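Below, chain A partners chain B and then partners chain C, in two separate complexes.
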Partner chain A sequence: MADRTVLIVGAGPAGTRAAERVAAAGLRPVVVDEAAANGGQIYRRQPAGFRRPAQTLYGFESGKAVAVHGAFAALGDRIDYRPLTLVWHLWESEAHLLTGTTASRQQYDALILATGATDRIMPLPGWTLPGVFSLGAAQIALKAQGCAIGSRVVLLGTGPLLPLVAYQYARAGATVAAVLDTSTLGAAIRALPALAARPGMLAKGLYYTAWLLKAGIPFHRGITPTAIEGTDGVAAIRYRTADGIERQVACDAIGLGYGLRSETQLADLARCDFAFDAVARQWLPATDADGRTSTPGVYLAGDGARILGADAAEIAGKLAACAALQDLGIAVPDAEMAAYRAALAPMDRFRVGLDTAYPWPAHFAAGLPDTAVVCRCECITAGDIRDVAREKGAPEVNRAKAFSRLGMGRCQGRMCGAAGAEVLADALGVRLEEVGRLRGQGPVKPLPLATGIAP
Partner chain B sequence: MSTPVAADVIVVGGGIMGAATAFFLRQRGVKVVLLERGLVGQQASGTNFGNVRRQGRFLPQVPLANRSRGIWGRLNELLGEDAEFIATGHVRVCFRDEEVGGLEAHAAAVREYGLDLEILSGNALRDRFPFLAPGAVAGSFSPLDGHANPRLAAPAFGRAALRAGATVVENADVVGIEKTGDDFLVETVGAGSYRAPVVQISAGVWGGVLSARFGEPVPIVARGPQMGVTEPMPYRITPVVGVYSSVPEEGIYFRQVKRGNIVWGGGWRGPALPDIQRAYVDPMNTLRQLPMLRRVAPALGALRTIRTWSGIEGYLPDDIPIMGPSGKVPGLFYAFGFCGHGFQLGPGVGDVMAELIATGTTSTPIAPFSITRFATP
Partner chain C sequence: MGRFVRLAETDRPPVSLEIDGTMVTALAGDTVQVAILTNGFALRESEFGDGLRAGFCLMAACQDCWVWTVEGERLRGCSTEVAAGMRIVTKGSTWQIEPS
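Then we have the complex of A and B:
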């Protein structure tokens, strides 16, 4: 049995715990992560030479960060860890890896995808101006590099990351000119029963918000952003208040994000079946409760499966590892898996709560002016998408892509796909699920033409 | 069962061949129905490399390619839509001295067919095309060839056919064709049935299944040429570039679109699965293509690939298509199996097939492509 290869993609909370569980069974998993260090998004490490303490970097989560980092370090030689290595394709039970410009292959008997998430973006006029970052990127700048995205920052969008990043920025000494939240207090209150599934998480969210208010940082809910102003860079954000009053805030940088979206391209390349998830408003790989996909030997864990957060990612990592081991014929106690499943149940209720509290503003898509850029790689506007829907009869996103180039650029739809699908569905007057999903193709991220095959 | 919709001609398959045939039949006033299983131009016609190349073809096919090239030149006018055809020229380069003779011989041969190629060698070649690597020994330049956008061309034919009065039915999977009396009865899943005295099968690689039902099986196989595209860079490489080599793996080709991306293909072919209508790129093929690209134009090594893809193409053992009337069933016509070079031919095939169906004869020779070459006695 010890010769079976379990390949884990991602060394965040999910990948770390999966690796730990597989190693505990006596196998030596291969762990691949494109980042320079383990930790994933939430527990992202600072570069070598940076010396901020865990408490400064991770706040309330520092205990868990230290635990996850520690668990990974403790694995030592019991895993085959390959940092700075991208899985750019999957083909016939082999992962195609890229380290620098060197390509290699890794065969696997089981593949655990713990690839995490990225920001979910709803464009608005001016969002491609220099100085606009995604909310997560704004946080990465601070967490990894110890720098802010600007000297007068507006944080815009919705989701739990919004007050958190504002809090982290303000605590670090940055000027937060305003926090503009598109969700309403009413929605937050409606979501309370579901959010109460995880009282600790709820309390932290309330704490950040209260802290921001106490610090005198303008925090407006129920707003509708209308445009980002500026010529060479961000100068201001315009928005409508919940009461319909036009307002403007001067700023030189904006962090923009509306929750997260799962990174599912590898699952697509593994030819897993996808199903439309009404909560996420995203097509997600279908899994059973333990993370098994429709492709034998391929498992999902963490935010890459659905957005349940870091604590759930740790559990899901262990559970997917157990499923993989079991399917490889290695005994796993039933009680252990049952315990993980039970621990995950409230997380899913919480996820529904989060979506109720911080809804993705799908309706903004209809209101985007024709001139607003949706796909920034290819400069495709909302008008271009409406055009291919109405003039050329594109009934679904791949056809809209073929006609308009939407999602054909460097990001391959990872940034623009969600909003592009909303604009298309609105233009066609159909439900979002009816326009389908962009089919994934390799490479998952750009592959240098200078790439050579490892000897 | 409802009464079948009646027409003069039913075209089965809405790739570039079917869509163009429907369009040109309308130009001749013929009442035509175009039946497409998915969306018009979604298969090979919408996924190909976009080469509008005449040089390097099977000689007896050059007249057809010439006719098609003529149509490409006035496509926007004809269709009222832009399929992004540009006559950038096409250059075939070789890297071995012993290959130069092959380029020269081809140039001499196609001149007979009215296709003028310019042979350039050494410094003259690199002065004209400074992006070429020092190792390029000679090149054959076809100034009037070029490229077009495959994602737009066949759908544009489909829409133009529709505007011209054709009945274009998408999501119409033809599951039965039967000749009863003078008429063919064509059954679809989901889109009713149709009746006409003439049927054209232009169903790409799937054409073989249909021809077999009329007792004319062909040894067609499905394969997927392997494509890739880089991120955009300033528009510098105007011609389509292809490598002429005796080693198939070296046969890379690329073009830069005005937007700046470099699209490439060639070398290896990957698996194509006609049953599920998908073709894939084997990542090893991509990795093997990269040094071939750098070999031709070293500067490409500074770019990154953002996407790879494939499409399903039908190949025949002699590498030429099936085109013309059935050898067995009056009223039945074929245009399928274009062996990786049908995009350039598409408009011409549509025009010729419309001519053949409407007049019973063609002014462009197509005899070498007859399905009867595979007939078993």
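Then we have the complex of A and C:
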């Protein structure tokens, strides 16, 4: 059995715990991550030579960050860890890898995808100006590089990351000019019963918000952003208040994001079946409770499967590893798997609560002016998408992509896919699920020009 | 002077590199994107003629921060660490995505 190869993509909380569980069964998994260090997004590590303590970097989560980093370090030689390595394609039980400019292949008997998530973006006029970054990017600048994205920062959008990043910025000494939240207090109150499924998470969210208010940082809810102003960079954000009043805030940087979207390209390349998820308004790979996909030997764990957060990712990583081991014929205690399933149960209720409290503003898509850029890779506008819907009758996203190149740029639809589908559905007057989903293609990310094949 | 503002970890050793022919100073452990944006306000020009860009996601997803070396090698700014003597070019070559 020890010659069976379990390949784990992603060394965040899900991938770390999956690797630990597979190694505990006596196998030596291959763990591949594109990043320079393990940790994933939330527990992202600062480069060597940086000296801030875990408490400064991870706040309330520092204990868990240290535990996940420690668990990974303790695996040592019991895993075959390949940092700075991208999985760019999957084909017939082989992963195509790229380390620097060196390409190689890795056969696998089981594949655990723990690829995490990226910011979910709704564009607005001016969002391609220098100074506009994703909300996650604002956090990464601080966490991984000790920098703020500007000297007067506005944080815009919605979701748990919005007050958190504002708090982290203010605590680190950045000037937060305003926090502009598109969700309402009413929505947050309606979500309370579901959010109470995880009281600790709820308490942290309330703490950040209260801290910001106490610090005198302007925090406006229920706003509608209208445009980002500036010529060679951001100069201001214009928005409408909940009462319909036009306002403007001067700033030189904006962190923009509306929650997260699962990174699912590799599951697509592994030919997993997808199903429309009404909560995420995203097509997600279908899995059973343990993370098995429709493709034998392919498993999903963590935010790449559903946005359940870091704690759930750790549990899902262990559970997916158990499922993979079991399917490889290695005994796993039933009670262990049952315990993980039980621990995951309240997480989905919380996910629904988060979506109720911080809804994705799908309706903004209809209000985007024709001139607004949706695809920042190739400058495809909302008007271009509406044209292919109306004039060429593109009935779904892949036809719209063929006609307009939406989602064909180098980000492969990561930034524009969610909003582009909303613009198309609105223009066609159909429900979002009816426009389908962009199908993934290899390479999932651009390859350097000079790619050599490893011997 | 630049777009990004350093708030912490400022006592790292300096690293000299060249950006569009000008020598600048970054700090050891900086990404190329941070080196450029702590020394200036934009990272590259959009090849679609819609003006300047400074990258967007910082997590290797959006692919909006690719620059070049004078040797013609392409670098993703957010995920490449600076090295002394690097010679970065932010303008010029057009982008092409490779066939799979």
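The working rule: the second predicted complex is superposed on the first by the 455 of 455 C-alpha atoms of A that agree within 3 Å, B and C clash if a C-alpha of one lies under 4 Å from a C-alpha of the other, contacts with A are read in each partner's own complex, and residues count from 1 in each chain.
Simple rule for what comes next: a contact is a pair of C-beta atoms (placed from the backbone, for glycine too) under 8 Å apart; a residue touches a chain by one contact, two chains touch by 3 or more.
Worth saying up front: this structure is predicted, and the values here are computed from it rather than measured.
When both complexes are overlaid on chain A, the residue A:89 reaches chain B and chain C alike. When both complexes are overlaid on chain A, the residue A:4 reaches neither chain B nor chain C. In the superposed pair of complexes, A:133 makes contact with chain C only, with no contact to chain B.
Considering which of chain B and chain C touches more of chain A, the answer is C.
Look at A:150: by the touch rule set out above, it reaches chain C but stays clear of chain B.
Of the two partner chains placed around the shared chain by superposition, chain B is the only one that A:392 touches, whereas chain C remains out of contact. Within the superposed three-chain model, A:442 lies in touch with chain B and with chain C [touch as defined at top]. Contacts of A:103 after superposition on the shared chain: chain B is touched, whereas chain C is not. Once the two complexes are overlaid on the shared chain, A:52 sits against chain C while remaining clear of chain B.
When the shared chain is aligned, chain B comes close enough to touch A:403, but chain C does not.
Applying the stated touch rule to the two superposed structures, the overlap between the chain B and chain C interfaces on chain A comprises residues 89, 378, 409-410, 441-443, 446-450.
By the touch criterion given at the top, residues 88-89, 91, 96, 103, 378, 392-393, 395, 399, 402-403, 405, 408-410, 412, 441-443, 446-453 of chain A touch chain B in their complex. Residues 3-10, 12-13, 28-31, 34, 38, 41-43, 46, 48, 50-64, 66, 72-74, 79, 81, 95, 97-98, 100 of chain C touch chain A in their complex.
Residue ranges on chain A touching chain C, taken from their complex, read 34-36, 41, 46-52, 56, 89, 118-119, 128-134, 136-137, 140-142, 144-151, 172-174, 231-233, 252-253, 263, 373, 376-379, 409-411, 414-415, 441-443, 445-450. Across the complex, chain B meets chain A through its residues 39, 42, 46, 151-152, 155, 159, 230-231, 259, 281-284, 286-288, 290-291, 293-294, 300-309.
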